[in-house]
Structures are given as C-alpha cells and as structure tokens.
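Structures given as structure tokens follow.
Shared chain: chain A. Partners: chain B in the first complex, chain C in the second.
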Partner chain A sequence: MDEVITTAHGSGGRATGELIAAVFAKAFHDEMDDAAVLSVNGSEKIAMTTDSFVVTPRFYAGGDIGRLAICGTVNDLLMRGAKPAYLTAGFILEEGTKVEELSRAVTSMAETAREAGVTVVAGDTKVVEGHGGSEPQFYINTAGVGLMNGFGDAASVSAAGARPGDAILVSGTMGDHHAAILGARLGLEGTIRSDNAPLVDMVRNLLQAGVRVHTMRDVTRGGLGTVLKELATSSKQVFRIEEEKIPVSPAVKSFAGMLGLDPLYMGNEGKMALIVDEADAELSLQILRASKYGENAARIGKVEAPVADTPEGSVILTTAIGGLRSIDVLQDEGLPRIC
Partner chain B sequence: MSLDLNSVRDYLKHYDGPDVNLMEVCGSHTGAIAKNGIPSLLSDKIHLISGPGCPVCVCVSSYIDRLIELSLTENTCVVTFGDLIRVPGSQESLSIARGRGARVRMVYSPMETLDLAEKDPATTFVFAAVGFETTAPVYALLVEETKERHLSNVKLLTAIKTMPAVIDSLCSSHAPVDGFLAPGHVCAVTGYTAYEGLAKRYDLPFVVCGFTGPELLIGLTLLVKYRGQGIVKNAYPRVVTREGNQEAQALMQEVFEPAPAAWRGLGIIENSGLVLKGSYASCDAGSRDLSEDNKKNRACICDQVLTGRKKPVDCPLFGKVCSPMHPQGACMVSQEGSCFTWLTSGRQR
Partner chain C sequence: MDEVITTAHGSGGRATGELIAAVFAKAFHDEMDDAAVLSVNGSEKIAMTTDSFVVTPRFYAGGDIGRLAICGTVNDLLMRGAKPAYLTAGFILEEGTKVEELSRAVTSMAETAREAGVTVVAGDTKVVEGHGGSEPQFYINTAGVGLMNGFGDAASVSAAGARPGDAILVSGTMGDHHAAILGARLGLEGTIRSDNAPLVDMVRNLLQAGVRVHTMRDVTRGGLGTVLKELATSSKQVFRIEEEKIPVSPAVKSFAGMLGLDPLYMGNEGKMALIVDEADAELSLQILRASKYGENAARIGKVEAPVADTPEGSVILTTAIGGLRSIDVLQDEGLPRIC
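Here is the complex of A and B:
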C-alpha cells in the first residue's frame, strides 16, 4: 500500500481495491460490497448503499452531476436485485459555487428520482473554503435503501453467482460516458452523449419475468474489463468473451482509437453486465432490448469451469483477428476523474 | 504469397523454419501486439521482442529527478502527459511528490501549456517534453508559439529521442534480432530512408508497419519471409512515404539539433536525441547533461528487456515486487511498456 493517496486510488481499478483492503475492510467489515443486504425484524430484507459524486465538467452531453448522483446509488441497489425506494442526499459546496448551477443540478436530481421511482427523504449541506484560483466545485453524496424482492425473487443474484455454461450479457454500448466526459474536457465538439441512466426498467422486467439472473453488475469506473475480471474471480470461474460481440458505438470507437483508449476499460453510467442461466439467455436479451436503455444489449460470451492452463478467475478475450488475450482489472487510468 | 488475413494467419501459425527473433521498436506496436493477442497467433519458432521504443521507458532517472525538483520549486509547475507521473526516479515519482505539495499538471496536449502560462504569469510552466520524432514537431510548435506570444514563463525539459541511432547501436552490439518492425508513426514524420542504410549494413529486413491486427500480421509475415535480407518494405503506405512529412521535419530542424542522448539501461548513444538549439536556449529548463541513471531497484532488468536479451517474465521482480501499482522500473509503468503489457495481457512468450 502506498503511503499517500494518489488519483490512482480513485480509478476503480487495482489501487482502489488495495486501499479498501488496507484501510476500510480492516476497520469495518471484511465483506463490504457496493450494496449490503440487511434483515429488518429478522424477516423483511433491505439493500443499502452509498456513493459520492465528483465530476468535471458537472454538466455534460447526456447528463450532469445531479442525474449521476441518483443513478449511481439507484443502480447499486438494483444490482443486488432490490427495488430502490428511498435516498438521502448530502451536498458539499465550495465557497463561490453559483446558486443557479446548484439549482440546475438539484432539479435534475429530482427529475431523475421521479424517473427511477425513488424519493429523496433527507439531506445535508456543508460549505467549505474553495481551492483559490480554480473554479469552485461541489460534490454530492447519496445513500439509498431498496426493498429486496420488491420486483421478484432476487435470492440467486450475487457477485459469486456465475456457473459454468452461463451466458454473459451486456445491456448496451460501452464507453459512452467516458468518451462524453473526456470529449467535453478536451473541448471536442461531438455527437457522443453520456449514457447516464437508471436501470430500473430493465432490472424490473428481468426479475418480474422470472429470468434466472445469477449476477448483475453496473459497468462504471474501470470498465467492462475490470468488472468481468472481478466477477470471474469472485465466482471462481473462467469467462470467455469475444471482442467483436462487445457493443461499442462507431463514434466511441473512433474517439477511443484517436486517444489510444480501450473501450473495455472505459467507464459507463447506465450499463450493466449480467450473467444468466444459458437456458434464459435469449429471453433475457429480448427483455433487455425491449426495456428502456437496453436496445443495444448483446450476448458477449460464456462462463466455463477452470482448467489447468486457464485457472479460476481468468477472463480470456478472443480478439477480432482471432488472437487470445487475458483480461485484467484496470491498472491506472492516469486521467482525471470521470465520475 | 498472398497477404490476405487468412493466408498470413496460416503462415505465421504454421511457420516451421529456423527460429526467428523479431523486434518492434515502437511502444504503440508493443501495446497493439498485446491488445490484438498476436503472440497467441504465432508458431513457437517466432519470438517477439520489445525494443527501446516506449518514450517513458527509456527516460533516465536523473530526468525524472529533475522534473520532481522543478515541481517542488517555488512558482514552478511541471506540465506533463499522464504516463510520466508514475515513473519512478531514483527515489520517488511525480505522483508521490505531488502528495507532498509538488505542482504537477496533467494535460492532453502540450499546447495547453500556453493558456496556463498566459493565465498565470507569475508561474513558470515546464513541459516534460518526452518522446520520439512523432511528438518532436509538436514540441517545436510549442516553442515557436511561446516565442510568438512573447511568453517568458514557458520552458521545456526535453528528453527527445530519435530512432535510427539506437537501432544502429542495438545491431552493432549484436542484439539477437533477425528483423525489425519499423515504427509507423515515426516513419510518417521522418520517412524511412535512414532504415535503408541500416538494413544494408546489417543484412536485416525492416518493415514499416501500421497498428491494426491485420497490419501487424502482415508486417510480421514479411519479416519472416525476408529474413537475412537487407531490405526495407513499406507495409503502411496509406500513412507513410519514403521521404516522410517534410514540413514537420523542417519545423523540428528549426528548433532542435541532434545531440547525444542518455537511454535508460543503454547509456549515452551519440546522435540519438534532439535538444533545443542555442537560439532557443532560453526555453530550456536544464535538459542537457541529465544522463545519470540509478535504478530504484537493483534487481530490475529493464535494460536487458529493452535490448531484447531478456523477456519480462525472466525478471525476478516481474509480477511479484514489480507490478503496475508498484513499478520498480519504467517498463512496468507505461501502457506501452513491455513489462506492463506482458503482465496485464497474461503474455508468457
């Protein structure tokens, strides 16, 4: 573990994992996850989570920090199979923040909360001194509670749920949020919009249809590569995916090519990876494609049992020219924060 | 033979002639080879070696140390591309120095330095000008613009390298190489006449190559096919011409002059770098004479990896003490570094 915090510790990749292991898990709980499932009165179960949001610029094509703050927490609850219900919101405002800007972000939060079917029930505000020189920032934290089984039986949904033979799906194109934010920072005029969205509709439709979903994970910082590596590791299986089947929009593809980025490691804010029973794979795809924000859903690979030369936790990508490459978590994005 | 994708794939997979060692001397090629899973498509007789073509990897420690020193100097801010921030100097990296107050600014284009300097005239902005002939014209443009806008608070700390002399040095020291993938982006600027001389002198094939999967497979096929012959083939004609981009060359020659350069692990190589000419000396933040090269970890074999004598997996530190999170040498930092790409793509051969 490094002695001081660097931006790498916020990348969502390996350094973040090391920080959690060295500091947070040691102090709080070994099995900390994005969202926790808790029992109330011994019977009814709720899911609970929290997330903080820092993004520059705060308003971008396809979203803003307010929409992001609702979607991030709502999606974390959904990925446990819970029906998101109540959120709290905390604001840390730097001195000099424009009220008009804050108000715009909060209005967007309210609209997104309505779309996601959640209510913001409590809040807090703190004002801190500015950096001096640079433009004043504000940061938002949200925490949320969701009802387990609110949409249907979610008992089988877990990060370790993948089994040999399962199908690996994604709910849409990769890298849009990353490209939108980076494009805005670089001052590039373009058509790329962030995918910033709550995934309520698709998760509800899947669970209500009784699809055997073994794992759901929102693909945010660190990108699809990081998410799949983590899920292969926690399920102790091997994932095989095909580069050509991973949906990436043409605009994001050329943007990534220009900047030397790999869409496999670009962040999203309205996409998930899911692992379902092979028998339900086609039905899942149909449901995803008919759901809001799921029109580009695709099946990208399958789960296999580990063998000698591909041990558990391996993620093997077949490239467009038929080469094989093993996929690791994102190491260090070397770039300022995107979400 | 036909050079369509299926034919070259078949040829490379089933090649059964004498063992052949092929070196790519461009960091972008190193990255593209890993990304496309090329090693898995080659016969056991074909060995790929990464050469000294990742600009970050060949920086000597004294260059990083000097950047850190500048970043901790009052009224001074170091401006850099992201890659360089985590490269270890002899003691620490810019990233760690930033944790104790160093001023380091990450940019996507060197030209952003101009706006920073205009907005904050009390601060001297030092751009970490690392790279090969591909980025040198942009640095030349930065210097010219600095002059044009009469900015006295923009400086460069340069570590600009040029390819032909280092390849010459590898060949004359009998590095185990049977052919070179010549750097496509560099050749787009410089052309490839310099490689024609090297090819003849050492009886080695050079193939100017692009960066897509199919282009790499074609480039490698040509190298195997022309093994033992001193010729240059241009397999990237949509971008590269024999003479290169003359406008960019003129811009470079206006601002820079050839000089000896220090390479990590390779020592000082005559005529393998570019430094600011005397008439632009006022823009230099003390780039000359940064040749000292102290390894952070003495067991690191970056030098032998960069010259093709050892593979990353041969290093006792690889994947253990040395990882992208805790790099002991520069080859593990850059996304184009051979150790980084071997580790993160699970490459074994």
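Here is the complex of A and C:
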C-alpha cells in the first residue's frame, strides 16, 4: 500500500480497490459496500448508499455538480433494484465560494430530485479555508435511502447474479460524461454533452414488467471495462463482449480517437450495464429503448461458464478487427475528479 | 445575503441560518431539516440525517475526526428519539494525505460505531488536489438511519415540544469540545479533553423508563445559547435559565475566562439539552447521572408562557450576580472548523 493518497486512489480502478482493502475493509470487517440492503424493524427492507461529488468544472454541457449529486446516489439505489425515496445532502464550501454559484447548483439538485421522484430530507453545511489563490471549490455529499421492492421484486438482482447463457446489455452510449468533462477542461465546451441522468424510468419499467434482471450496475468511474471485470469476478463467470456492439456516439468516438482514449474506460453518469436472462433479452432491449435515456440501448455480449483457458472472472473482448483482448479493471490514474 | 461564503456561514449561528434560508430552503421548499422522520412502505418510520466533519486539528485530546463523524450523526438521530442503526461514510481526501493518518481515523470510526451500536454499511472515497504547501486535509461525511421507537415511544419528542412548566436540563458540562479544539490550536494540548461521545446510553435509558421527554437537542456548533434560543422560538415559549446552574468544568471556566469566551456559546460534541415534563424532572436527572457520559447532568431552568414584556421565543438568563440577560443565537463567526 502507498504511504500517501494520490489521485489514482480516486480513480475507481485498481488503486481505489487497494485503498478500500487496506484501510476501510480492515476497520469495518467488509461490512461496507457501494450500497447496502438493510432491515427496518424486521420486515421492511431498505437500500442505503452514499457518494461525494468533487467534479471539476462544476458546470458543464449536459449537467452540473448538483444534478450529478442527485443522479449518482439515485442510480446507486436503483442498481440494487430499490425505489429511490429519501436523500440527504452535505455541503463542504471553501471560503470565497460565490453564493450565486452555490445557489445554481442547489437549484439544479432540487430540479433533478423532482425528476427522479426523491425528496431531499436533511442537509448540513460546513465551511473550510480556500486554496489560497485558486478558485474556491465546493463539494457535495449525498446519501440515499431506497425502498426495496418499491418497483417490483428485486430479489434476483445482485452483483454476483450473472449466469452462463445470460445476455449482457448496456443502456446507451459509453463515455459521454468523461468526454464532456475532459472537453470542458480543454476548452472544447459544447461539442459533447454529459449523459448526467437519473435511471429511474428504465429500472422501474424493467422491474414492473417482471424482466429477470440478474445484475444492474451504473457505469461511472473506471468505465465499462472496470464494471464488467468486477461483475465477472463476483459472479465467477466469463463475459464475452464484442467491441463493435458497444454503442459510442460519433462525437465521443472521434474525441477519444484524437486523444488516444479507450471508450471502454471512459466514465458515464447516466448509463448502466445489465445482465438479464437470455429469454428476456429482447424484451429488455425494447423496454430500455422505450424508456427515458435508453434510446441507444444495445446487447453487447453474453455470459459463459469458465473453462480451462478462460478462468472465472475473465472478460474477453472481440475487437473490431476480430482479435481477442482480455479486459481488466482500470489500471492507471484515470481522469481525476470526473464525479 | 452576502455574495461569497465566509467562515461565519459555517458557525451554526446567525449567518448559517441566513444561508439556509437564502439558498437551501428556497430550492427545497423547507423540506430539508437537521434530521427527518420518514415512512418506509407505510407503517415503519425511520429517522435520517447527515453531517460533514472538517474539524482541525483532526486528532485532539478526547477524540478525533473519526470518532466525531460517528458521534455527530448518531447524536442527531438520538435527538429525534430514534435508535441509531445504519451509517454511511463518504471520504474526501486531499492528495498527500498520509494513509497511516487516514487509517487511524477510520479505526477510531469503527471503534466508536461499535460503542454506539451502529453499523457503517456503505462508503465512498474521492480525492481532490492538495492546498499546495499546507498540510493535506481530509473530510468525512456521515449519513445515518435510525429506527423510530427503537428505544420506546418517541412521539412526544420534537423541537417545538416545550410547554409552560417544563424543566430544562443539560446532560453535563458545557464547552469541553470547543476548549479542547481551541487549546490544541494554541498549543495547550492535553489540559482539556473533548467530550466527544455518543449519547446512546442516556437516551435509551430515558425513553425506556417512559420519561416524558418533550425535546432533546445536542449542543454543538453555536453552543447552549444558540440551541435554547432556537428551541424557545420553535416552541413559542419563554425559557428562563440560571447561569450558576449551568455546569462548566473548572478547567473550561478558567480557559474561557482567560480568553474572554462565554461558555454559553462554546460547542460540545457529547452533551445535550433536554426539556422534560416537570413531574419527570428528578427522575430524568437520576437517569442521566447514572448513564454513561451523564454524571454532571443538571437542571438549569424552566419553561414559561410568554407575557407582554417577555414575548415568545425569549431566553432569559439570570446571571451569577442576579442580573437578567436576554440570550440570542450566536451572532459572530464562532470558532471555525470546530466539527
């Protein structure tokens, strides 16, 4: 384990995993998770999650830190199959933060909360010294409670739920948020919009239709490659995906090509990967495409049982030119402060 | 409203109230509170709250940022009469933070969570750039869910619950945390210990004994003066308190005297003010004094109905020399980053 924190520990990739293992899992005996399912007085179940948001710039094409702070936590709850209900908001403000700017972000939070059907029920504000010279920053933490089975039976939804024969889908184009943030930092604002969105509509529609969803995971920091590697590992299966089937918008494709980035490791903030029973794959695609923010949903691969030369946890990508590539979690630093 | 954020907005006093009114209450239509009581699938009720912790120094006599992050949220839930159950933890780390130091704080969180009987169920880590030159900082947000009626009937507990004739109590000495933090900054470490503690034991004992508790409020930022003024205002009553009855340790009294501080506006992190039915006042004191962290509990005053010259919301302090002083919420900046 490194001795000091670096930006790589915030990447959502390998270094983040090492920090969690060395510091958090040790102290909390693995009781901590991205989102947890909990009992309330025995019978009722809730899901609970938290995320902090430090994105820079705080306002960008397609979203802002306020919209992001609602979507991030709402989507985490949805991925457990819960109906998002209540959020808290904690603000850490640097001295010198413009009240007008804070107010714009808070207004955006309120609008996004209404869109997502959640209520922000409690808040807290702290002030810290500024960075001395550089523009003052502010950070937002949200925590959320969702109602299990609020949208229908979510008992089959788990990170380890993939089974041989299952279909692997994504709800839309990859890399849009990453490209929007990086574009804004490079002064290319406006060419690519972030996909910053709450996925309430598509998850509700899938669960209410009784689709056998085995796994849902929002594709954020670390990108699709990291998400699929983690899900293949936890389900102990092999994932086979086809590069040509992964939707990437022409603008993001050309942006990524120009900068030498791989869309497989570019984060989103309004997309999910899902693994469904093969018999429900076509129905799932129809539902996704008819849902808000799901018009570019696609089937990208399938789950197979591990065999000798492709052990459990393998993610094998067939490239556009027919080669095979083994996919791992994000190894490098990733883009700092993407969310 | 000011145009930029200053440390006064983090004081918990007048400026914090103005920021909440101008920015947060406007966007969220007053749906945000310190802690909220919510329904889960109709019948079961939960309480939910959040707090961020930016205390400096992060380690001090009697506590640290990790212990504080658990106690703050646990105590907020207790003040609604809820049994604290589940917490989330969000970490914002500046580059260069020592992993050893983070690990010590996280270990302290885990120990304090065990003491308080809560489970940290979900977490998140983000990394931001350092302050360039100054020592790297890290911040912790916790959000919590408590089970209403987990310790007994809490229906009568509310911020507006004070009634004429009620007794006003405090659970112990005032100002210890404030003096410990300020002492550490002045290089006087070790002379005064923070009171950093979870109040689970005393709240459980009070509620399980069936004491008619009308209001509980932890005395943190802004101190006892701010808390009592807010409670008198929300209950539309008059509070009369006696300076001589407010417990202050000899060390804090001399520290405050030396620096010209008023213990009435010095924060704590392990004390509460409570308002109980007069008939239960003596029993409440006995229970508090027999509970962990309550050995210095005291009765400090009583609630009266408003009359012409003392309108609703008045807090009248009889000073040690027999004068009368009207108490308002904290007006000045307060001590920055006390929690």
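What to note about this one:
Please note the rule applied: the second predicted complex is superposed on the first by the 332 of 339 C-alpha atoms of A that agree within 3 Å, B and C clash if a C-alpha of one lies under 4 Å from a C-alpha of the other, contacts with A are read in each partner's own complex, and residues count from 1 in each chain.
What we mean here is this: a residue touches a chain if its C-beta (ideal position, glycine included) is under 8 Å from a C-beta of that chain, and two chains touch if they have at least 3 such contacts.
No experiment lies behind these values; they were computed from the predicted model shown.
Of the two partner chains placed by the overlay, chain B and chain C both lie in contact with A:Val4. Contacts of A:Asp124 after superposition: chain C is touched, whereas chain B is not reached. In the overlay built on the shared chain, the residue A:Arg67 is in contact with neither chain B nor chain C.
Of the two partner chains, chain B is the only one touched by A:Arg14; chain C is not.
Of the two partners chain B and chain C, it is C that touches the larger number of chain A residues. Using the contact criterion defined above for the overlaid structures, shared-chain residue A:His214 touches neither chain B nor chain C, since it reaches no partner. Counting contacts by the rule stated earlier, residues 2-7, 336 of chain A appear in both its interface with chain B and its interface with chain C. Those residues of chain B whose C-beta lies close enough to touch chain A in the complex are 5, 9, 28, 31, 34-41, 82-83, 85-86, 95-96, 98-100, 106, 108, 213-214, 217, 324-326, 335, 340, 343-346.
Residues 1-7, 9-10, 16, 19-20, 22-24, 26-28, 31-36, 38, 40-41, 43-44, 46, 48-54, 85-86, 88-100, 102-103, 106-107, 109-110, 113, 119-129, 131-132, 134, 136-139, 141, 143, 145, 147, 150, 336-337, 339 of chain C are the ones that touch chain A when the two sit in their complex.
Across the interface of their complex, chain B is touched by residues 2-8, 14-15, 18, 185-186, 259-260, 262, 314, 317-326, 328, 331-332, 334-336 of chain A.
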